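In the two complexes below, chain A is the common chain; its partner is chain B in one and chain C in the other.
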Partner chain A sequence: MSSLLRVADLTVSFPDRHGRAPVVQGVQLSLEAGEILALVGESGSGKTVTALSLVRLLPPGATVAPESVVEIGGIRVLGPGATPARHLRGGTVGVVFQEGSGALNPVRRIGEQLREVVVRHRGVAGAEAGREVVRLLEEVGLPEPSRVASSFPHQLSGGMRQRVLIALALAGDPRLLVADEPTSALDARVQLRILALIRELTRTRGLGTLLITHDLGVVAHTSDRVAVMYAGRVLEEGRADQLLRSPGHPYTRGLLAALPSGRQRKAPLASMPGRMPPPGLRGAGCVFRDRCSQERPRCREEPDWVSLGETGGRVRCWLALEAEG
Partner chain B sequence: MRRYLLGRLLLAVPLLLALATLLFMLVELAPGDPADLLISPGMTNEVREQVRTNLGLDEPAPVRYLRWIAAAATGDLGFSHSRGVSVRVALAQSLPNTLLLTGVSLVLAFALGVGVGIVQAVRQSSWIDSVLNLFVLTFYSLPSFWLGVILILVFSYGAQSVWEWPIHFPASGATSVGYDLMGPGERIVDRVRHLILPVGTLVLVMGAGVARYARSALLEVIREDYVRAARARGLGRARVLFRHALPNALLPLITVFGLYLPVLFSGAVFVETVFAWPGMGRLMVDAVASRDFPLVLGGSLVFAVLVVVGNLVADLLYAWADPRVRYG
Partner chain C sequence: MSNLLEVRDLAVTFPGHRGSEPCAAVRGVSLAIARGETLGLVGESGAGKTTIGRAVLGLVRPSAGSIQFDGIDLGSMDQVGLQRFRRRAQIVFQDSMESLNPRMRIGDVLREVLMVHGTPRGSRPEEVRALLERVGLPPGIVELRPHELSAGQRQRVGIARALAVSPELVVLDEPVSALDVSVRAQVMNLLLTLQSELALTYLFISHDLAVVHHMSDRITVVHEGKVVEEGPPDVVLQQPAHPYTRALTDSALPWTVRM
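Up next is the complex of A and B:
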């Protein structure tokens, strides 16, 4: 069975002082319908660039390596032999932007902004498009959808605007949902409701959802699987419960150790020494080795994927190979 | 909104009063006595004093000021001795011509400027952008009276007498000599032909300024997240430009509109003088030259009212374009 989303060998580079530096390198991902995959990483890890390359919305200057492949629903949208997908952006793939980033046009009514996407991708017009707008606003749990449709963005609360942004991503009837930090600007209570909505929509609509976040709490609440990115590479992936309980990569372990825990309130928060190497200064070998407490001579070579047990988890680390024997 | 408008209108009253006072003081400080221009050197001092008394100049300045203000408040702006009619009549003859000239120029300057700005922003850093930038900066830097003279030289004198082009435009006036004898169709053609060079001068100079603002406003807006988000929803380039970017870029341009009104009217003074356009600008220049103080004061007051009203219109436009202003 082919996955809803398949990303293979995705490499994206940006120009820098010395030529071109890869910001995303050899990323592989797969996602099934009805599944939420969390792409976790700190700022600069390449998670947003990975997501933007799915809809070919990379900023000018970015180049995608020729061997990179992206397939959505079995159709190749990026890479050798890719067909230009007419309804890729907003149609096949819906992008949920972050509330507070200004992704809603301040001078146009919510209904107009939704309507133009419905008309563009669904081929409906007139009163039917209007009904569809109201139906979408209902689907994302907004009360009084007609009133919301005739409102301007500044008349809604942050949580309502985030729901509108989700409705906008759904307006083209997508198969894949890419949510870029959808809850980072919201307070904790609203955050949980929005995440529950995304989970519900993924199940009921049979969407594949790629959730980009830096918040492991969000991951635990929402996702089925997790891919951990660091310095442009995926270092570990696996089922969310598995990965959060017994992380396989030293970086993932460090991330989890840095979370504040309810039990030891007074204890200082753990932190990882060092900084993520910037693009262009990520030499050969494991990208994490400068900060790894268990560095081996072998880490100068690029580690390959090592499977962890039966659950489909895998990790890019020589230590895991040692542990296996 | 109605309350806000009413407040703005009430605020305009003390503003205009202060302005009238300032204008009066300015005119009072100006050198030269109107009476000197009305009498010949051989006349006796007695005659001179009689003329001054007739003009009401024998009274002290504060008294004249109060008289003038009180009369102006009732709409009586006094008598223009250089024109031999009341100031109201003189202004009523000139104002329509100026409003025609400036109104047409304003609309065309914004249409041309915004159009050029859009092309430049969409094709940023291309050769089109560079070439347009060269033109924009050239016209932006040219004084309108100089450009007017050059346009007359090329499209009126040169086109008619030197190169004998099939088309040339009149260099002066608002209508031709035989205007009263023309049929309705001919009259319109004659009016338009007279408008082309003065309007062209104002449009080129002002449109260049508008284009600079439009380009930078649009470039700023194009970088906004809602524009990127609109593209991510698969909307076409034209739709993203005209429905998402442009409505937001209009907001700073409305501010420019308000700021440009004084520029427009002062520009019209120069252009009317160059093209002998029978409007407010030329009336004012003549009035100053002949020390016709009531006419200078009345004309300045009309310009002030026009600017105040224009800014009120800009405020209304702002509320129309930005729902955040409308619904607060």
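Up next is the complex of A and C:
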């Protein structure tokens, strides 16, 4: 069976002072229906650019390398032989952005904004479209959906607005849901409820959900699998519980070690020296080697994928190969 | 140990906008911070954390209650007294992009603070160099503007600016919330080092329980403008007594609080 989402050799570059610099390089991902894949990384890792290229929302100036392939539901939407996908965004793929990012029109009622998508992608109109709007608001757990439909965005709380954004993403009946930092602007208690909703919708609708986040807590709580991005590349991927319990890449280990453990208050945290190299200054070889405490001469070559045991986890690091013997 | 800061029954009410009800942001908050100690202030957005931090610095006027800094009542200070107080109490904001003038070079940002607080012109370049070294920034950064810096570097500039007047109290308002994990650890370590080297007193405002737990000697939990619980970090966050604190700790995701 083919995956719901398949990304292969995705390379996206942007112009810089010296020509073009790749911001995403050779990314491979796959996602099944009913599954949540977290794409986790720090700012500048390329996670959002990866997500935007799935829905062709890349800003002007971005160039996608010709060998890049994206297939959704077996249909090639990017790469050689891709079919023009007019129904892609809002249809096959629903996108949820961060609350407060301006995704809602402040001067139009919630119901009108939802109805527009319903009419456009479902081909229904009139009273039926109205019923569908109410049904969608109900599905995302909003009480009094009719009242919400006649409200303006500012009359709702942040958590309610985020639910509306999810309803908007669902309005075109998508198969793939891309959620970019959907809870980063919310308080902890609201965040938990929104994450629970995303999990429930993924199961009940059989969606494939790509969850973009910088928060390892969100990853641990919500996702089935994780891909860790750094400096434009995926360095490690695997089952969420497995990867967070025994990270295989020195970068993932460093990230987890840098979190306060709750044990030694006011003691220095393990922090990785330096910072992520900006695009254009990411030389050949492993992109993490400048900050890695276990750098080898071999790290000047680009590492291959190394499988970790039988759990499907894999890592792009020469050390893992050494450990295997 | 003597208290550097004592807040008693603080209330702050903002006037209503266009005839709407006035907003009681802080409703009777008392807290005290001993010299050299870190008090963590936690709560959700809208709880009043930031307003408390600003009132402590005299940036918003309390509608009731008193704030004493080193035994002197803020409300009784005249202009000269306030100017002197502002050298002793400083603030670091969350968003260093918004709190730094985008047109000013980093060197000018720091020189301006030194000028306002009366450092002689001749010794300013040396002071700037020393400040940058203290916060772990290279001297060449003086020529750059905020947008040319990484988020972590900008936050170090924000810290350097606060330290420029050799303060005793620093209000840290979500100082690491906008930073990525690996940079966040670096800045948290810097804040801890500075505290022990310079004997600083911190009011550490954050919504992140794991961060507050790590940085604080005591924790105060605020909800709807009131203190609901107060005590040592291990007690407040591991055996919370108040239902609101329990709701907060129950909502914390794994790896956000791993205790």
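The rule we apply is simple: the second predicted complex is superposed on the first by the 321 of 325 C-alpha atoms of A that agree within 3 Å, B and C clash if a C-alpha of one lies under 4 Å from a C-alpha of the other, contacts with A are read in each partner's own complex, and residues count from 1 in each chain.
To be clear about the criterion, a residue touches a chain if its C-beta (ideal position, glycine included) is under 8 Å from a C-beta of that chain, and two chains touch if they have at least 3 such contacts.
This structure is a prediction, so every number in the text was calculated from the model and none was measured.
Enquirer: Are chain B and chain C a fit on chain A, or do they clash, once the structures share the same frame?
Expert: These partners fit in the superposed model.
Enquirer: Contact-wise, after the overlay, does A:His154 reach chain B, chain C, both or neither (first, second, both, neither)?
Expert: first
Enquirer: Now for A:Glu322: first (chain B), second (chain C), both, or neither, which partner does it touch?
Expert: After superposing on A, A:Glu322 lies clear of both chain B and chain C.
Enquirer: For A:Glu200, is the partner it touches chain B (first), chain C (second), both, or none of the two (neither)?
Expert: neither
Enquirer: Could you say whether A:Asp215 touches chain B, chain C, both of them, or neither, answering first, second, both or neither?
Expert: Only chain C; A:Asp215 stays clear of chain B.
Enquirer: With both complexes overlaid on chain A, does A:Gly90 touch chain B (first), chain C (second), both or neither?
Expert: A:Gly90: touches chain B, not chain C.
Enquirer: Please indicate which partner A:Arg189 is in contact with in the superposed arrangement: first for chain B, second for chain C, both, or neither.
Expert: In the superposed model, A:Arg189 contacts chain C only, not chain B.
Enquirer: Where does A:Arg120 make contact in the superposed view: on chain B (first), on chain C (second), on both, or on neither?
Expert: first
Enquirer: What is the value, to the nearest 10 degrees, of the angle subtended at the Cα centroid of chain A by the Cα centroids of chain B and chain C?
Expert: Once the two structures are overlaid, it is 70 degrees.
Enquirer: If you've got the overlay open, could you tell me the nearest Cα approach between chain B and chain C in whole angstrom?
Expert: Checking C-alpha atoms only, chain B sits 8 Å from chain C at its nearest point.
Enquirer: On chain A, what residues does chain B touch that chain C touches as well?
Expert: none
Enquirer: Report the residues of chain A in contact with chain B in the complex, numbered from low to high.
Expert: Going by the criterion above, the answer is residues 55, 57, 87-91, 94-95, 97, 101-109, 116-117, 120-121, 152, 154-155, 168-169, 171-172.
Enquirer: Chain A touches which residues of chain C in the complex?
Expert: For this pair, the touching residues of chain C are 38, 44-45, 150-152, 180-186, 188-189, 192-193, 207, 210-211, 213-217, 233, 247-248, 251-259.
Enquirer: Going by the contact rule at the top, pick out the chain B residues touching chain A in the complex.
Expert: 224-226, 228-236, 239, 243-244, 247-248, 251, 321-324, 327
Enquirer: Chain C touches which residues of chain A in the complex?
Expert: 42-43, 187-189, 191-192, 214-221, 244, 254-256, 258-263, 265-266, 268-272, 275
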